[in-house]
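Below are two complexes that have chain A in common, paired first with chain B and then with chain C.
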Partner chain A sequence: MEVLRYLLRESKTGMAGLAIILAFISMALLANLIAPYDPMNAVLGDARQPPSPQHPLGTDELGRDLLSRIIYGARTTFLIAVSSTFTAFAVGTALGILSGYLRGAVDAAVNGGTQILLSLPGIVIAIIFVALWGPSLVNLIIAIAIGFIPVYIKLMRAATLQVMSMEYIQAAKMLGLSNLKIMVRHVLPNVLPVGIAQLSTDVGFAILTASGLGFLGLGLDPSIPEWGAMIGSAKNYIFVAPHIIIEVGAVIALSAIGFSLLGNALRDYIDPKRR
Partner chain B sequence: MNLKPLFFIGKRLASMALIVVGVVIILFFLLHLAPGNPAQILAGFQATPEVVHQIEVKYGLDKPLYVQLMTYLTNMIRLDLGTSIMSQRPVTDEIMARLPNSLMLATVAIVEAIAISLPLGVLAAAKAGSRFDAAVTAFTSIGVALPTFWTGLMLMLLFAVELHLLPAGGIGGPQNFILPSITMAVPISAPIIRVTRNAALEVLEKPFVKLAIAKGLSMREVLMKHVLKNALIPAVTLIGLQFGVLIRSAVITETVFAWPGIGKLLVDSIFARDYPLVQGTVFVIAIIYVAINLALDVAYVVIDPRLRSGVSTEWRF
Partner chain C sequence: MHVTHARRRIRSGMQKSFLAVIVALVVVSAFAGYFMYFRPGGGGGETTTTQSNSPISTSTNAPGTPATTTTTTQGSSGREKKVLRVGIGIDADTLFPISGTTTTVYNIMRLMYEPLFRVDENGKIRPLLAESYNVSKDGLVYTVKLRKGIRFQDGTPFNATAVKFTFDKIMDPKMVCPSRADFAALKEVRVVDEYTVQFVLKYPYAPFLTVLAGGTASIISPTSFKKLGDKVFTTPYGLGTGPYEFEKWVRGQKIVLKKNPDYWGKKAYFDEVVFYVVPDPQTREAKRLSGELDMILQPPSADIQRLEKTKHVVVQKVLSTRVMFIGINTQWGPLKDKRVRQALNYAVDKNALIKDVLFGLAGPMDSVLPNFALGHVKLPPYSYNPEKAKELLKEAGYPNGFKVTIYTPVGRYLFDKEVAQAIGQYLRNIGLQVEVRPVADWPTYVHMLLAPKNQTKLELFLVGWAPSVPDPHNYLYQRFHSSQMPPHGFNFVFYNNSEVDKLLDEGVRETDPAVRAKIYENVSRILWDDAPNIYLYLQYFVVVHSDRLQGVKLLPYEMFDISDASFKS
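Our next item is the complex of A and B:
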């Protein structure tokens, strides 16, 4: 709540981001109510029509209504983006806290793994993984998540080290609380805010990565309305029917901008020095 | 003579080698544990089992995994990355033919990004709170959020297809650099502006800057002499940290503009299941990454002698 008050008062851009995200989320939830057409309904006679009164955003290469596909597509695209960032967040937070709390050998091992993951850029892992293991929903989520893990490990480890120097951690240790209890009850709640700001930014990046994979032909099955997959089939018609890729790309950009604006505002909120 | 810097660099070199070996091992398993028999894919699905077996023997795919891994690692140390299945040429030749193209494009993009970002970031800080500042800050959120393939395609549609001003793709004269380098510069410039603006804001608060202003130096001189110089270090640091973003935009940009670099090579080789070429390309990307970070670490030690005491910079942000 305090965050909301801050955004309302101090950050117009953060509020704009939040508004964009909420608009997209309600669009995804209400897809079956607001979409004018069935997103799977192909009318080959209407293929690749530019925007018209019947089809406000035109039709795709199989004559399906683009607006309806974009509205339904938000569901799958957000599912992929949110699941992959939360997976990375959970794994990265666990490893980061363990590494910062236990130090020693665990720290060294986690550090080594992080360095290796960092030198294998996320997009490279994602391309290899999806190309070889197949572009299923789960594989896409895993592939995108792997690339985000090192960022969370680094963030959370640094935040844990800061928390560790606080007196209440020393006190909890002296009281004889188990390491697990201290990590879950005292370290985790104090490092979470740092991760949440990053989370917002990364959901946007995940949407971008998914659409990039789609562009390379590594999206879901093209019959499924998903933004990345739509990009993958639209790029073959870029000179014949540029409106498809222009519109879908603009929607992807707008949603990613929403998450990026909110993420930056949240980061400023957590670290007032940067305001 | 103080040997500490040498020890520091030696230690970093050793950990760099370990990281690269780790990358190779992870990549090896990612490729070899994937479903599907690569020999079958190479031979085509109508191929007889005999043909498939011949291919397995030819590429050593019939040997146990750990033998294949050891063979690969020992060859790698001799810088023998094998032979590309697609072209039947040595992988090193294939990569060396493409690497300069990628490095040139990335360098142009980074130079453009810095040339735009530093002045924008410093000016935004000098005019903090103004409309200009708000516009620049908004751009930093928008720039990172534009899908690279989309920026590239929009530039291509506008300047190549509609206006016929610039080539739509391929490599050639300097005019071929313009669209792809701008496409790559957009996502990296946004965070550089952000960091420069924050650094400049901090520097503007410092007593020596206030003194310079009080001494009667014009704002322009203060910004040029003091603020820009001090904002440079965080900006340069960021480029090392932006490596992942750079590779992502290189892969996509090179595909959009048919640029014969290693990003496109990687995509092509993965689709062709050309495992030696995939391994070689990722190996080179990993080496570039650790090399950039080593260079940055050395640069920090030179800039900031406090780090020479051996304090690890590995976990810096």
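Our next item is the complex of A and C:
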């Protein structure tokens, strides 16, 4: 609530981001109510139609209604993007706190792994993963998540180190609390906001990564609407039916911008200098 | 601390304005796109197309391509030099016919080398370097009379010794010859006299004459072969008898052939034929439109209808030898039932697929064999009839359909992924639950196709088949004979029918073409009715050239013929 109040009062761009995201999310949730057509129903005779009263955004390369595909596509796209960033957030936070709290061998090991992951671009890791284990929703989510983990480890480790110098941690240690209790009760709540700000920016990036994989043909059943795969298929028709790639591209850009705006506002909100 | 704080503010401010710029860009480009596209007259119209493409082509001018846009240049003799510039998608792997692998490259080699026979545009086998031939009654000895008075480009006389030399090289295990399996039936080549050779086979093998008409069986000059050594693969000077001879190969850029002044047949019209390597189809198209190339192979498929309407551009297409179909695993669940397989054939509207998904770049299959193959017979079509399909499903005990997966490669065939999705929809329309699984990596896909029966994951899958020898045996034997189930062959539909086996065994031994044709007609009838495939279409082979160029002929096996071609003056 306090966040909302802050956004309303201080950050117009943050509000805009939130509005965009909420609009997309409600679109995804209400897809079956608002989509005018079955997004998978290919009517070949209607292929590549420009926008018209029957099809407000036109039809795609197989005569499927583009508006319906974009609406339903939000489901798959957001599911992939949100689950993968949350997975990365969870794993990265756990490892980051562990390594920052325990230091020593654990820290060295986690740091080594992070460096290796960081040396490869996320999309490359995702490509290797999907190529090895095949495209399925779960694999796609894990593949994208792996690429995002190192950021959270670095972030959380640094935050933990900062928290560790605080007196209340020293006090807890002196009281003889177990390491686990200290990490969960005292470190985690204090480092979480940093991660959350990062999280909302990353959802936007995850949408782009998923799009990239779909574009490369490493995605799911292409009949299932997913924005990345849709843009990948549309590229062959760029001269014949440019409306497909323009519309899907605009939607992807808009959603990524929405998450990015919100992320920036949250970062400003959490910034301790503000308080 | 204060400094970092300020910096953070600045950074976040910068990010905001950056985002604003992105938003603006997206919105503007979207509007621009819409405007261009919906403007009356259309941005996709022909005149704008040509204009907007020419700047692209000049900016993508690769090294090695000519900067001039004129076709004819003044030769040293003062006479105009006629140069034909052809754009191809891939560089050659080798220019030595015995080692060839790729149709595009055989299009180049076809001008330099000649085999004893050649298959014409109607699928008839015609003597080329041969004069006549006869086959012994048992089908084991092919006696070929050679044409007299022909010389290789290096001056060596063409005779029976050169023919034997060539086939000895093909059979020499030390020589690289990826198509050697086509010659597996050949035991030896005998020189009877200067202009007569005998091919002795190990067993009767009816497609043998077609094998002799293939590019691999091009006759080479023993003299040049010995002189060139390893250079036969890259700089085959004077090695063939063809109307053009090798001049220069700049790797990754171009292959230059020049006129053979002493050619035995109709003299070449062009002084030079240059093949430019332009991998990207869009760039190839742009270079053709700007006049940098006279002719291109395989333009971007989605643009062909637009090109057909463009001025000064001629689009030529011919049904190729590649048959496309959905393989049906005849040993899997509901697909074991012939009625279900027939239902699938009735459920798919092949004509709509061709018109709306393939941009008209295919012709429907009216039989198991393509129309130019021996034994082709027009069969009652599986016309689009979803009601009949549903009825057949009900009869077979699947009134509510069943769950099935369609596998498809990505980018291997024309619009493969799109075709698979469209077929998925047609099957959903008759009540099936369909998942389409694209397999982006081609070797992985082949591996899946060749998995043995107890390991296969296949249910329905999109495949094409273009045999190196366009003979009915090569179309059907490996795909439908029960001995050819993976891993032994390509019967990946696991089709098992003793009658078909028997007919296919007869077909490969029979040497009388009329009898053979009957055999393959019968096989076709059985296979058509039994429906181990959803029979789809034949892809077109497409060439785009300038309207200055005339007389270019296309052949079904993805080849073009320029022996009658010339520039309009």
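Note that the second predicted complex is superposed on the first by the 270 of 275 C-alpha atoms of A that agree within 3 Å, B and C clash if a C-alpha of one lies under 4 Å from a C-alpha of the other, contacts with A are read in each partner's own complex, and residues count from 1 in each chain.
The rule is short, and it goes like this: contacts are C-beta pairs under 8 Å (C-beta built on N, C-alpha and C of every residue); 3 or more make two chains touch, one makes a residue touch a chain.
These numbers come from a predicted model, not from an experiment.
Undergrad: For A:Ser223, using the defined touch cut-off, is the partner it touches chain B, chain C, both, or neither? Pick first, second, both or neither.
TA: The second partner, chain C, only.
Undergrad: Which partner does A:Leu180 reach: the first (chain B), the second (chain C), both, or neither?
TA: It touches nothing on chain B or chain C.
Undergrad: Figure out whether A:Phe239 sits in contact with chain B (first) or chain C (second), or with both, or with neither.
TA: Both partners.
Undergrad: Looking at the overlay, what does A:Ala105 touch: chain B (first), chain C (second), both, or neither?
TA: Touch status of A:Ala105: no partner.
Undergrad: Chain B or chain C: which reaches more residues on chain A?
TA: Answer, by number of touched residues of chain A: B.
Undergrad: Looking at A:Met40 after the superposition, I want to know if it touches chain B, chain C, both of them or none. Which is it: first, second, both, neither?
TA: A:Met40 sits against chain C, while chain B stays out of touch.
Undergrad: Which chain A residues come up in both lists, the one for chain B and the one for chain C?
TA: Comparing the two interfaces on chain A, one with chain B and one with chain C, the shared residues are 13, 131, 216-217, 239, 242, 246, 249-250, 253, 257, 260-261, 264.
Undergrad: Along chain B, where are the residues that touch chain A in the complex?
TA: Within the complex, chain B touches chain A at residues 15, 18-20, 22-23, 26-27, 30-31, 34-36, 134, 137-138, 140-142, 144-150, 153-154, 157, 161, 194, 198, 243-244, 247-248, 251-252, 255, 266-267, 270-271, 273, 278, 282, 285-286, 289-290, 314-315, 317.
Undergrad: State the interface residues of chain A toward chain C in the complex, per the touch definition above.
TA: Those in contact with chain C are residues 13, 40-42, 44-45, 47, 50, 61-63, 131, 135, 216-219, 221-223, 233, 236-237, 239-240, 242-243, 246-247, 249-250, 253-254, 257, 260-261, 264, 267-268, 271, 273.
Undergrad: Once bound in the complex, which stretches of chain C touch chain A?
TA: 1, 5, 8, 12, 15-16, 19, 22-23, 26-27, 29-30, 33-34, 36-38, 43-44, 300-303, 306, 349, 352-353, 355-357, 410-411, 415, 417-418, 421-422, 424-425, 428, 434-438, 440-441
Undergrad: Would you mind writing out the residues of chain A in touch with chain B in their complex?
TA: The touching residues are 13, 17, 111-113, 115-116, 118-125, 127-129, 131-134, 147, 154, 157-158, 204-205, 208-209, 211-212, 215-217, 231, 235, 238-239, 242, 245-246, 249-250, 252-253, 256-257, 259-261, 264, 274.
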